[in-house]
Structures are given as structure tokens and as C-alpha cells.
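See the structures that follow.
Below are two complexes that have chain A in common, paired first with chain B and then with chain C.
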Partner chain A sequence: MMVWKTLTRWYHQLGSPRYFYRFSEVLLPWLWPIALLTTAVGLVWGLAFAPEDYQQGNSYRIIFIHVPAAGGALLGYVAMGVAGLVNLVWRMKMAEVMIKAIAPFGAVLAAIALITGAIWGKPTWGTYWVWDARLTSMLIMLFLYLGVMALINAIPDPRQAGRAAGLLSVVGVINVVIVKYSVEWWQSLHQGSTIKLTGGSTMPAEMLTPLLISMLGIYLLFAVSVLWRARAELLWRERKSAWVKELV
Partner chain B sequence: MSFTATMQRELLLAWRRPAEIINPLFFFVMVVALFPLGVSPRPELLATLAPGVVWVAALLAVLLSVDGLFRADHDSGALEQLLTAPQSLYVPVLAKLAAHWMLTGLPLVVMAPLLGYMLHLPEQAIGVLFIAVLLGTPTLVAIGAIGAALTVSLRSGGILLSLLVLPLYVPVLVFGAGVVSYAAKGLPVSGVLALLGAMMLASFTLAPAAVAAGLRISSGN
Partner chain C sequence: MYFESFAAFLQMGTHGPFVWSAYGISALLIATNMWLAYRRQRLVLNEIRRLARRDQGSL
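So, the complex of A and B:
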């Protein structure tokens, strides 16, 4: 019960723009060096020191960028959906700010996942692009991110824009699950799975450890970016309130 | 009560301006007619393209028609009246979606088999095309209405609406076109048709709530 009470209090406090601003001010100076360091360790370890793949040689190393980017894009989209739901139910200002802060970095990660996938696909599959189920669902996820950003940009009133983007993200999260299954079904209809990622879950620890570290690093960078963007957005939105006038 | 009233109003309004029913249908036929001209009139090639072409054209026709779903009501202020009324928005929105599908979706359903025939689709697939479009277009209307509700107060709604809604249309397109290709190859189709029906029921029960929320957001309540 104590834990629950602490959690709800924390949740309500973070919902207040002023508290969030102070909290992130304390957190960020610690978070961004850790995020940068973790990413650097993961990437250098993966790109330079991890063993070669017995089948793909060195070209497999792009997964140390590709997999964290794809995972981050997916996580960001779910986070946007959760923020959208919170905003629909409680009309929390911070949730709107969060959606606006998450969308750009998530879209960039989805684009990075697609581009690195294409670069890896050329030597491995012999082509930059195939209409594979995973590639297609990632492409649609990028479109969904762009849709949310376009909607935020199109609506002049920031609160209305945030709520509209929240509703769209909630619908999108439900839809993205159906998209995933439909695309897998569609792909198996047209061609057998001639292309498979070698390795997969049978990855040895020397490769898995740097991969997990770089995933953690990218997620932390995502968090840093979201906090930074949210702070800038907060200052702009609350520019007429007393606490911002006191600050600047 | 509010369901039949809204339905009657929608049908009466459409009856007085029949061009709005006819235009999406013309659009549908014209887009499909462009493909043989642009690709090739060879029957075997057209037959393989047919499911996708008919579905993409139907999807775009629904998308274009759905853009105006709330615009007239928004401009005239009728939407504000609906929003301030002391009752749930769910039922009137459901009636509006149903009426809109009857007016713009149903003509596409009737026209689809003919277009399939013109694209040399094998005969056993034409009936399936009819059922697939019948089950799929309500889903398209319901999902498109969410986007229309969110963009109704914006001046340049049209192109934004397609950016928002087209990615959400992917499952319907995949299953709808897929089931027709299945039928053309003589494979069993009932499972996929059941999926299309499930998506229709799910979207028609859930979407009105999302549309109502979207309309409230757009009107600033």
C-alpha cells in the first residue's frame, strides 16, 4: 500500500508542469552523460570488438544500430499511445507535452531502422528493399509517426493539437498490432519465408551483451531527448505563468 | 430515437444533393479504368492486378468522401448543437456513419463486381470480391471518420486526412485484396472473410466513441 501511495503521489506531482521542470532539471545532468556513455560503450564494443559472424562476416555488425533503433521506435510508439490514453482520461497537460516530445525522436529511430536495414540487406539479401513483413510494418510505423507529427503541426492551438495527437496515437497503437499480423499473413500468402534472419535467439553472449548495452544506451538517449524537448515545450506553453516568468 | 432521427436527416440531405452520392462512385470507376490504360490491357496481367486495383480505388474513394462527413455540419453550426445536446454522442455518430456508408459505400459495393469483370478477374473470385468489399468498406468509413473528426476544423483537411488515415487502412487492404487473390487461385476464403467481418464489427462499435472524442477535441470542448 505504501508503494502504491508513493507511486500515485509521484504520478500526480510529475503531472504538474512546474514540478516536472524542476525534477528533470535535477535528473538531466546525470542522465545524459550516462546515456551517452552507455551508447558509446555498446556501439564501440559491438562495432569493433564483438566476434565476426560465421556466416555474414562483418556486415552483421549493423544490428548494433539497427535493433536498438527498431526497438526504440516501437517503444516510443507505445509510450505515445499510453500518454494519449492518459490524456483522454485525465486531460493531463504533461501527457500532451510528452506526445509532442516523443514523436520526432521516434520517427527518426524508425527511419534509422529502415535505412540500416536497407544497408544490411544489400550485401546479405542482394537488394536494398524487399517487401518483407518486418520491413513493411516498420515503414507503416514511420508513416504513423509522420501522421501524428503532421496533425500536431496542422492545429494552431497547442492544447487541441496535443489532445488530437493523443487520440490518434491511441487508435494507432490498437491498429499497429493488427497491421503487424495482417502484414505477416500477407507476406506468407505471396511468398514463402525464403529470407530469414540468421542467428536470432541463438546469438552467443559475446554478441548479445554489446547489443543489450547499446539498446539500453539508445533508450536512455531517447529519454534524454524527450525530457529536453518536453522542457522546451513547457517553457513555451507556460510562458505566461508566474513560475516561468520567475525563471527567465 | 436519435439514431433514426439522425439517419433520416442524413438521408434526406443526401437525397436533395445527389451529386455527393454519385461522385465517389465516378471516382472509383475512373481510377480503375486508368490502370488498363497505364499498365497494359493484357487480360492475364489485369487479372493478377485486379484485386489490388479495385481495393486501392475503393479505399481512395471512401477516403475522399469521408473528408466531407462532418464539414457541412461544422460550418453550419449543427455540429455544435449536437455537441451541446445533453446526451451521448455515440448514437448520432453511429447513425451518421451508417448513413454515410449506405450513401457512398454501398454504390461501390454494387459496382465492384462489374469492375472486377472488366479487369478479367476469374468468375469464382467476383462473388468473393463483392462480399469482401461489402464487409470492408464499413471499416474504411469508420476509421476514416476518426480522421475526419480530428481534421474537421482545419482549413486544409483533405491531404492531412489521407496522411493520418491511409496507414490505418493497411489491414483492410491486405485482407480484402488477399482474399480475392485466394479465391482466384481456388483456395478457401471463409476464414479471411470472417476476419474482415470481425474488423467491421470491431471498428463500427469502437470507432463512434473515438469519433465522438475527436469531434469534442476539434470543437475545443
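So, the complex of A and C:
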């Protein structure tokens, strides 16, 4: 019951714009250098120190940005879907702000996953692009992110925009499931998962360690990006409230 | 380092152009995003300050 109480307290505290702003103020000066450093360590390790792949040679080093970007795009979409659901059920203002804050970097990461995947595909498969399940569903994910952003920009009333974007976020979560299992459900040029939460990964530790560090780094950068964007949105929405006036 | 020389590191066997273009594009996109996200909160803060000053001036 303690856990539940703590969770509900967090929900209400972080749901309060003023508390969220203070919280991010304390967190960010630490978080962004840690995020940058973690990403740099992971990528330099992967690019310069990890051994070569015996089949793919050095082209496999693209994995150290490709997989973190794809993972971040998927995770970001799930987070956006959760925020969308919270917004649809409880009309929570903070959830609207989070949807708007998540979408841009989610779109960037989906684009990076697609572009680096295409570049990796050329030396590995002999082609930049095929219309198979994994690649197509990932392209749809990019369009879903862009769709959420476009909806928010197109509807002038922020509450209505938030509801519409929230609905699209929730519905789009189906696509996350399709992306995740596409390599198992359909024949695909795309290789199977490298990292498995259950039953061991298909990669030696000297490659897996930098990959996991890169993933952590990109996820932390995502968090920093979301916090910065959420702060901007909160300030603007609450510009007439006492706490913002006190602040400026 | 895994590579024998810095030149070999840049060359990546025959895969240099693929690896470096993938990382170049990614770095550019991520850096641009982080810069825009950071700048946005600065701009909003300045705009609110400007509005506050204007309101004070009209009183």
C-alpha cells in the first residue's frame, strides 16, 4: 500500500505544472551532461573499441545508433500513448503537455532508425529499402509521430488539440506492437532482435555493453528533450498564473 | 582502440562511407533537436518577461 500511496502522490505532484517545473529545474542541470556523456561513451566505444563483426565487418557498427534510435522511438510512442490515455480518461493538462513534448524527438528517432537502417541495408542486403513488415511499420510510426505533431499545430484550442492528439497516440500504440513482432510474424530481410529481456542476447559482451550504454544515453537525451519542451509549453500555457508571474 | 591506425578507423575496411554517413546524419538530427528544445524554453521565458514589462508600463 505504501507503493500505491507513493505512486498516487507522484502522479498528483508531477501533474501539477508548478511542481513539475520546479522538479525539472533541479533535475536538468544534472541530467543533460550525464545524458551527453553516456551517449558519447557508448558511441565511441562502439565505433572505435568494439570488435568487428565476423560476417558484416565494420558496417555492423551502425547498430550502436540504429537500435537505440529505434528503441527510443518505440518507447517514446508507448509513453505518448499512456499520456494520451491519461488525458482521454482524466483530462489531465500535464498529459497534453507531455504528448506535445514527446512527439518531436520521437519523430527524429524514428527518422534516424529508418535512415541508418537504409544505409546499413546497402552493404548488408544490397538494397537501401524493401517494403517488408518491419521497415513499413517503422515508416508508419514516423508518420504517426508527424501526424500527432500536425494535429496539435492544426487545432488552435490546446485542450481540443490535446484530446485529438491523445486519441491518435492511443490508437497508434497498435503499430508499436506490429513493429516489435514484425520480424517474428512475417518473413523479413530485417534480422531478429539482438537484445532479449528473456533468454540471453545474441551478441558477445564486448559488443553488447557499448550498445546498452548507447541505448541508455539516447533514452536520457530523450528525457532531457521532453523536459525542455514540456517546460516551454507549461510556461506558455500558465503565463497568466501567479507562479509564472512570480518566476519571471 | 580496435583499429591499428586512425586512418584504418576512418576507413572501417570498405564500410567507412556507410558508417560515417549514418553517424553524421544522426548527430546532425539529434543536435538540432536538442538545440531547438533548449532554445524554445528560453524564447518562451523571454516572451513572457516582455509581456510582463509591457503590462507594467501600461499601468
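Simple rule for what comes next: the second predicted complex is superposed on the first by the 220 of 248 C-alpha atoms of A that agree within 3 Å, B and C clash if a C-alpha of one lies under 4 Å from a C-alpha of the other, contacts with A are read in each partner's own complex, and residues count from 1 in each chain.
Assume a contact is a pair of C-beta atoms (placed from the backbone, for glycine too) under 8 Å apart; a residue touches a chain by one contact, two chains touch by 3 or more.
It should be emphasised that the depicted structure is a prediction, and the values quoted were computed from it without experimental measurement.
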Q.
If we overlay the two complexes on their shared chain A, which of chain B and chain C does A:213 touch? Say first, second, both or neither.
A. neither
Q: Mind working out whether A:58 is in touch with chain B, chain C, both or neither, as first, second, both or neither?
A: second
(Q) After the superposition on A, what does A:175 contact: first (chain B), second (chain C), both or neither? (A) first
Q. Does the superposition put A:225 against chain B (first), chain C (second), both, or neither?
A. second
(Q) Tell me which touches more residues of chain A here: chain C or chain B. (A) C
Q) Now for A:83: first (chain B), second (chain C), both, or neither, which partner does it touch? A) neither
Q: Figure out whether A:163 sits in contact with chain B (first) or chain C (second), or with both, or with neither.
A: first
Q: Could you pull out which chain A residues touch chain C in their complex?
A: 43, 47-52, 57-59, 61-62, 65-66, 69, 104-105, 108, 111-112, 115-116, 119-120, 122-123, 221, 224-225, 228-229, 231-232, 235-236, 239, 244-245, 248
Q. For chain A, which residues are in contact with chain B within the complex?
A. 88, 140, 143-144, 146-147, 150-151, 154-155, 157, 160, 163-164, 167-168, 170-172, 174-175, 178-179, 181-183, 185-186, 189
Q: Write out the stretch or stretches of chain C touching chain A in their complex.
A: 1-3, 9, 12-16, 18-19, 21-23, 25-26, 29-30, 33-34, 36-38, 40-41, 43-45, 47-49, 51-52
Q: Please give the residue numbers of chain B that touch chain A in the complex, ascending.
A: 143, 146-147, 150-151, 154, 156, 160, 163-164, 166-168, 170-171, 174-175, 178, 181-182, 199, 206, 210, 213-214, 217-218, 220
